[in-house]
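Multiple structures follow.
Below are two complexes that have chain A in common, paired first with chain B and then with chain C.
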Partner chain A sequence: MKLLTANFLSCAVKSCKSSPLSFPLHFRDAELASKSVPYNPLLLSNLLPRLDWTALVTSSSELGFTLPATKPLLQSENIGEEDENTLKMLHKVLMETEVVEGKMVCGSCGFEYGIHQSVGNFLLPSHLV
Partner chain B sequence: MIYLCSVRRRIHKLPSFININPLSRPPHRENIYISTRALSSSGHRDTKMAATGDSLAPVSNLPPPMREYLIHFAQVHETFRLPELESLAKLFNIKYEILQYSEKSPFARIALESPTAASTLISRSILSKAIYELWGTGATYPDLHASVKSRTSHLWHLYHSSSFKFSFESFNGMRTEPNKRELIESFSYVGFNGPIKMKNPDETFVIMEDYEATSILDPILFAALKIDEKLETPSRNPTHLEQPHQLYFTRFLAKSSRAIIETYDLKKRNYIGTTSMDAELSLVTANMALVSPGKLTYDPFVGTGSFAVACAHFGGISFGSDIDGRMIRGSKPGKSLRSNFEQYKIMDRFGDMFVSDLTNSPLGRYGGQKNEQIFDAIICDPPYGVREGLKVLGSRDPSRPKVPIIIDGVAQHTRKDFVPPKRPYSFDKMLNDITNFASTHLVPNGRLCIWLPTADEDFNEFSIPAHRNLKLESVCVQNFNKWSRRLLTYTRHETDQEEVDNTPADITEETLDSQNPRLARTADALNPFRRKYFEGFKTPPSEE
Partner chain C sequence: MSRPEDNLPPDLFYNETESRKYTTSSRIQNIQAIMTNRALELLGLETPSLILDIGCGSGLSGEILSEADPPHTWIGMDISPSMLAVALDREVDGDLLLGDMGQGLPFRAGSFDAAISISAIQWLCNEDEKGVDPKTRLSRFFDSLYACLKRDGKAVCQFYPRDDKQRDMICSAAIKAGFGAGLLEDDPETKNKKLYLVLTVGGEGNKDITGVVRNMDGVDVYDARKKLLAKAKGDAKHGTKAWIMKKKETDRRKGKVVKSDSKYTGRKRGIKF
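And then the complex of A and B:
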């Protein structure tokens, strides 16, 4: 489970969808791995506008990363050195960091979703569907 | 079939060919070739007129900057070819006009603004082979030569010293080698005097011949041939004519992406399953979904990741989920969905894969509609439910109280080895859930591609899923022996559309129950395709 993905996921329980506490899910007991992934600046600059930055800052801090409090803006034309640093940082956090084992917990209902072998499990038991 | 032939000797015998007034022509090819003028609306209309006229407009007389090109399609998956082309034209924002097209022929004429537009349009195509500049066409060789001479004599000098070769593309017919050589030499009036190179020539000129009777567009001409397709034990295919009925002379411009089918061939893929979609149709689907670099794609029934890999090939960031986590993790180390991304060296485009159910999806985030709109493309081949029956989260017994199951003081769902209960799911309800999901989670103008199976006898009653926020773009059919499957492509409207009064109410299990209380909740009642499968046709779908 990547931080990138966590930025698009909230609690699967229907009654939680209306609660601001259901997003983002909170990492707990996370075992991290850093995987080397080819750097793809175009892809990252396309991703940036889609990120919920506040949620990303929250998720990152849960895993021990500190991100700037406000979303960095890229110069629209060519990528300068400052942008390059921003993208490199995003690459490391979004694409190369993975939660291999651990849990994601809903801030509203407290349900715990397991992460096993990097794959998150969002299936709900019968009493929650 | 490519045939290479030397015409050097002939040209050397007639050196006067090279002196066709080169000095009276503009010195730069670009000046003749690429007009930078924007296409006006009137220019567009003129092109249509040129297309509907009895004779072909000479290349030089087409309204600028439109020019005629020829696309050489693969003669497979015919109903997918034009929708793929339309999708690529939309993706690259290319203006085009189809001038001549038949599903029975691999050759199609198209008007485009420039050779660059032509090369770009075809660059990602899977169902075409290449694109050519059209120099002439005719029903007979004398007609073809007349057409080439009237259209392109002003262009010949541009190539008089280029290295070149000639080749042949014959569809459903063939010629002897000496016969081909003779025909190639009949073009010697163009006066090319450059070296003939079999490998990597500057220019390749191709003579194309169509021998297939059913591709004749004029119904009167076709009727006049009196072809009896039901001949018993014919010595040769009755629709393959002795002589070609349509000829083209073309200059090669650019190849398509068809060669990558080989790269992604399932036979050479590290990890596949019994229902993996083949490489060719996965890549076509990614084209239809307008996947391009940096776009976010999602497959809610990802399985072994056929679509995920195809989307990543075209630069998309692939996300996927499956109700069965074993499919994603794989059976043994090094054989997993992720290992396919490693094999193709596309890990930078591996988004994530997770276990979830479409009806209770974790995707989406609090904060209004914009926050829910995540994906540029949603692609899926939903399970047909033939072998196991479709499953969705929940208890089989709807009267069961909604409380956690506790055994020996332990809530069972908190155990690591807990497997959530699943119940039968209706195929129609699933389609409804997919379109609703797409309406919520696609960005404006994002695309949804769904594959659906149909028993052929159901063809007339085949109903295409509809959603007020999704516009149907195309329906493509792949036929098998006794069943077929269809690729449906939709575009998410820019804004939410008004609810229409006659839209059928959401399909719920309750309405199904009331329609047929006795059968409801059995796998067959919930899935007509599964029922047909066991009642009638024997050819197994891909799930077997």
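And then the complex of A and C:
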């Protein structure tokens, strides 16, 4: 599972829908891998306003690396050198870092979503739907 | 022709053999490619976007999204582990999730630019287990889809309804969730007819669903809303003479005792001192 996906996932359990703790899901026992993906600056600049930066900082610290505490902002329409560096960094973190094995845990109800071969299991038992 | 939906639930039907058969069949690959391209055309995305693929299976449609111009990034969700295993073997670009769309999509609000679903949502109408209600599953699915799309977002779902009843059930669930909805039918009246449910999330440029197909060739627009509007206009206004006459007529047909019509029927009474 890419960090990009993790930044959009929240707990699907019914009672957690209204709880602010259900996002982000917390990584446990994560095993990381890096996979090269074509670099797409336009997509990243599109995504940047939608990213929840605090959640991203939390998940990356759980995986053992640090990001700047505030969300980087792009300077202008045209991508300059500084922006290019920011986007490259984002690309590496969001697109190329993958959690191959591990768990994601909801901060509200404690439900554990398994990750196996980088596929997250979001099937819920019927009493939680 | 038998429908796979009538045999087994999707996670059991698409087992290892069936998944492999589905993915390697050149006929299915071809049809999937045509449908995905059509869906992309309907979405009309101009910039690289983040797309949710619901019922992504082995990633046949996802591959087309990755190779499209501009290339899109996608996140796929499917209920069949075997299908996802095939997708992993094929090393698709998108991120994969194992999940049931009828349980609601586990994404926070405003996550995606667009969503596509190829030949999947008719599975929601199945009643495989006891206590499973297709209506609840449909509304959970469409409600969560509405929430996880950003404003101005669009979704295109190609599906194979069993009959008109099922088609209407799916459409009304989508409208109830708040979508602007329209149905596009390719190759109508033939064996190969394909239904696309086009959904828009409110916003400035998205108010009218017919705008989606405005610039497309060979599409006839049939607007059911206009007919409804005309019908509402045709109804006589409450309290007018025409309305009274109509009411008397229906009562007469029911066999009730109704006063005969005269020049005084429905006329205003004069002011009494």
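The rule is simple: the second predicted complex is superposed on the first by the 129 of 129 C-alpha atoms of A that agree within 3 Å, B and C clash if a C-alpha of one lies under 4 Å from a C-alpha of the other, contacts with A are read in each partner's own complex, and residues count from 1 in each chain.
The criterion applied here is as follows: a residue touches a chain if its C-beta (ideal position, glycine included) is under 8 Å from a C-beta of that chain, and two chains touch if they have at least 3 such contacts.
Owing to the predicted nature of the structure, the values given are computational and were not obtained by experimental measurement.
A.B. asks: Should the superposition on chain A be reported as showing a clash between chain B and chain C, or a fit?
C.D. replies: In the superposition, chain B runs into chain C.
A.B. asks: Which partner does A:69 reach: the first (chain B), the second (chain C), both, or neither?
C.D. replies: After superposing on A, A:69 lies clear of both chain B and chain C.
A.B. asks: Is chain A touched at more residues by chain B or by chain C?
C.D. replies: After superposition, B is the partner touching more of chain A.
A.B. asks: Now for A:112: first (chain B), second (chain C), both, or neither, which partner does it touch?
C.D. replies: First partner only.
A.B. asks: In the overlaid three-chain picture, which partner chain does A:46 touch, first (chain B) or second (chain C), both, or neither?
C.D. replies: A:46 sits against chain B and chain C alike.
A.B. asks: For A:12 in the superposed arrangement: first (chain B), second (chain C), both or neither?
C.D. replies: In the superposition, A:12 touches chain B and chain C alike.
A.B. asks: With both complexes superposed on chain A, which partner does A:127 reach: first (chain B), second (chain C), both or neither?
C.D. replies: Touch partner of A:127: chain B, not chain C.
A.B. asks: Quick one: classify A:38 as touching chain B (first), chain C (second), both or neither.
C.D. replies: Both partners, chain B and chain C.
A.B. asks: Of the partners chain B and chain C, which touch A:20 in the superposed model: first, second, both, neither?
C.D. replies: first
A.B. asks: With the two structures fitted on A, what stretch of chain B runs into chain C, 225-233, 369-377 or 405-413?
C.D. replies: Clashing stretch of chain B against chain C: 369-377.
A.B. asks: For chain A, give the residues common to its interface with chain B and its interface with chain C.
C.D. replies: 1-2, 4-5, 8-12, 23, 37-38, 40, 42-43, 46-47, 50, 52, 95, 117-124, 126, 129
A.B. asks: Which chain A residues qualify as touching chain C in the complex?
C.D. replies: 1-2, 4-5, 8-12, 23, 37-38, 40, 42-43, 46-47, 50, 52, 95, 117-124, 126, 129
A.B. asks: In their shared complex, at which residues does chain B touch chain A?
C.D. replies: 293-296, 315, 317, 319, 321, 323, 325, 328-329, 338, 345, 347-357, 359-367, 371, 374, 393-395, 400-405, 412-414, 416, 418, 420-421
A.B. asks: Which stretch or stretches of chain A touch chain B in the complex?
C.D. replies: Listed in rising order, the residues of chain A that touch chain B are 1-2, 4-5, 7-14, 17-20, 22-25, 35, 37-40, 42-43, 45-47, 50, 52, 55, 95, 112-114, 116-129.
A.B. asks: Can you check the complex and tell me which residues of chain C touch chain A?
C.D. replies: Answer in residue numbers: 47-50, 70-73, 75, 77, 79, 84, 88, 93, 95-100, 103-108, 110-113, 131, 140, 148, 150.
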